[in-house]
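Please find the structures below.
Here come two complexes built around subunit A, the first alongside subunit B, the second alongside subunit C.
On to the complex of A and B.
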């Protein structure tokens, strides 16, 4: 028993040094006041200044929409992935993961080209006669959401597919034999039993979206205010270490809160005798 | 026995499968199976794994589509009707209970899906729970139940809808021996009480023999034999059926006809009188172990001489291997008590009644 725990030691030490210590340093830095000493100045500035607060609200808004879009888009994909024959599933998985091989900087640039005023999307829309003038897509929240959904979709599909894969196909067949049409089978059987996977996907996608950097930078520019680029700008351009640290801590706290909520929901689901 | 003509006039079959064929990729798992199930009948589809019995059941349920043929339930062609619109009750090997619902919600599921709610639903749920002795367990979740209880919930869930047909796919195979018998008897009792037409899939011959009004033996995607349990057991159409339904002693040889009588001559030259209807040529003789009479009398002259090779006591029965003088080996099953003194190497004579022996042409083996 003790020996098994010892095996965890290297990972714990590594995370302690390279994750725990920097976080602690950032946390301490965030409390440094202008003239020296410790204070909540940085947090006050971030939360009370409407301009800075808009970074947090806009990040949350974009992340909520992104997460919701991912949920809706992922369910059919995850279902097919989970129920596909193993050969087909391999191909499916590769296609799903392949975009992850290309960093999001490359994809951000790709989206910039595609969504630009004279990009592929607008050209196509104009050619089809849907619009007369180019539609503003880049440097709008819509553009950022589009890019984020594309980048983050696999992180929703994978946990969801794992959860659906754990639901015996017989349960769906039983439901159908009892008179349930597809929509009811989904609502009453597949959805409730895949909730743990869905919750995991929501947490991952929301957290990644809140902290995203390259996509908001490319597709949001200076028009969409998100926390990731703000931290980068404060830390490297404005060289306001304490402020960047405070924003980082707010971001970290948001993700942490979400994780705690997930753990709580998870226990609640398991606590109910039918939960799986 | 009602005649075929009678049947076609008085009733249309409750369930009718007409020339059902199904292939998965390159392999055809069902080659044109036709089957009629009369109202209230309990039939067992019996066969080894891979014989197509489960596929046939799935086609009946609407969970698989046949490549050819028709499925009729109460005279209505439902071949292309989806499962949810057929009035069938389906019970799975693994019960397939909804793990996130209580016993009551599991049973209510089908009623709710058909828009039956409120007092009517409550009444029917109550009836089903009472019938399957589940009262008091309504608020439990499936994982809090024993295997036998889970299977009863699965039955209640299917029966509460008062389906036209009840389909059961190896419902007993996940239960231990004692429970299996209990649930088996329960299924039979409930089926009799409701008079519901039932199709039961199994690979267990004992289940089929004890439960069915009619056994349908399947092999490699085709029906080999169909009939009342005793009929199929006593008069198997071929060696496969003989061996699949219980144990069979098989002697190889040929039939020689002499005038109005016939004898079976074994490979070792033993001559056994057989039913006069047997035709000339290479044949096999099948006799059940329990049909053989063992004579321990030293002075006995009737029957075939041999010696006891092994003796196994099985509680109520005694299981003997006897080697005949010609070298043929037979299994003999006798009922205790009174046979306890049998010894290995004891000289015995064996015989059986002509009507207990089945003679089949060799090609049927």
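On to the complex of A and C.
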């Protein structure tokens, strides 16, 4: 159908010009050597200089912990969402989705206030007797992980809830009527059947965490080194275009691989390419 | 209700409390009377909302954000609806790859998109323009429009179009008089999401704003760097109220089912 192609074209061309071409130019810029010509200088600097490499290793570390925390926290939320009556589900969906729309600046600011030395979190910890005096949370990896888990949890919950929603409730009842306890039903029925949704969530959360910007900028400051703020700082303050481009290419390539993995998981989940 | 389900509910509620903690903190902090962020506030006042509404810089930034978000939502909806219709209603090669491509800015790092557009705009001499902002925001908002519309068109009953065609309506007329009115809920949802994604964006904007085109989130961040009075909390509270009302209205009218698949 020639007409259908014509309708698809504007969006495809738009992204091509304003997404594909600029990214390709970044890739070219990243290979520009100091004295002109092409070289791998920028990549060498990023990978071999211990200071810059720490941005990559800390990003990976923070993202692994964030993703793991999201996996654990997402199951109760996703299960409740999947098995709720549709009216109740709408309320909880609102509570999950509205914060996404509020944006990272507002939530990063909220965490900054909450995690301060005399913020609610420290006040609660002292009131509970967990700590005697305020613990430092801002500008620590712990603070960044807390913020990232909060911001990214919905991206884990939504695909997982969709997967759990696809498991017939009768299956769980059957397992229970045959004498399986809750933990066993979860381990033998719910967990295996929701793995595709979980895998999709893991890929999204890890990719978004690796590329995060506002949360590490607000909550990590100069104490937690992550790739996102490094790119911004190199591009706008240090004005080192080629180096910012090289760091960007490493991050982009990582995310692209994750995206391909995600598409593959999605295909496996639906059983046919392209889904419905 | 047994002990186990009480425990399950308690855990779920605790996780939601964690999810909403920074937002709740912002709202409470905005009611501070003093110039520093005391928590909880010693005296309640709305003076920082007044400070926001009478600040020329913040008002300018708010208008820039509203303008950019509105144009972004329209452009993303037009591009996204056309593409989603073609992908959902017509068999064509590379359909799966085309859909992945159009929604890829959801996962690919926004910070890299921002940098790429900064360097691209600089080459074209368009740095700091409203157009550059709208284009950057449309790249990241487009996936939301495509996904909302693709879901709507795949569930759409094609026999309705055939009926219109049988009665003599041309394809274009059928699309605007039959198809579009029937997918209006998704059109609204996609538009609201695209608007919100643009309005609260910081990653792309941080690279693309210039004098006179500073968006609200960027202005807020710049302000935070030298002052910690509760003006930011007041603005944040208004954003929270707007977004929660918007999403709640969507839930009440067209439903949020698109997110639950």
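Note that the second predicted complex is superposed on the first by the 249 of 276 C-alpha atoms of A that agree within 3 Å, B and C clash if a C-alpha of one lies under 4 Å from a C-alpha of the other, contacts with A are read in each partner's own complex, and residues count from 1 in each chain.
What we mean here is this: contacts are C-beta pairs under 8 Å (C-beta built on N, C-alpha and C of every residue); 3 or more make two chains touch, one makes a residue touch a chain.
Everything numeric in this text was worked out from a predicted model, so none of it was measured.
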Contacts of A:7 with subunit B and subunit C, given as first, second, both or neither: second
Contacts of A:44 with subunit B and subunit C, given as first, second, both or neither: neither
Partner chain(s) touched by A:208 [first = subunit B, second = subunit C, both, neither]: second
Most subunit A residues touched (candidates subunit B, subunit C): C
Touching partner for A:223 - first (subunit B), second (subunit C), both, neither: neither
Subunit B versus subunit C as contact partner of A:184, first or second or both or neither: first
First (subunit B), second (subunit C), both or neither touched by A:173: first
Contacts on subunit A seen with subunit B and repeated with subunit C across the two complexes: 273-276
Interface residues, subunit A side, partner subunit B - complex: 168, 170-171, 173-181, 184, 188-189, 192-193, 272-276
List of subunit A residues in touch with subunit C within their complex: 1, 3-5, 7-8, 10-12, 14-15, 18-19, 21-23, 25-26, 29, 73, 76-77, 80-81, 89-99, 101-111, 113-114, 116, 118-120, 123, 147, 150, 153-154, 158, 161-162, 165, 182, 203-204, 207-208, 210-211, 213-214, 227-228, 231-232, 235-236, 241, 244-245, 248, 251-252, 255-256, 258-259, 262-263, 267, 273-276
Contacting residues of subunit B [partner subunit A, same complex]: 61-63, 82-86, 88-90, 92, 94, 96-102, 109-110, 113-114, 140-144, 157-158, 161
Sites on subunit C touched by subunit A in the complex: 4, 8-9, 11-12, 15-16, 18-26, 29, 37, 39, 78-80, 82-83, 85-87, 89-92, 95-96, 98-102, 104-120, 123, 135-136, 138-139, 142, 146, 154, 171, 193, 196-197, 199-203, 206-207, 217, 220-221, 224, 232-233, 236, 239-240, 243-244, 246-248, 251, 255-256, 259-261
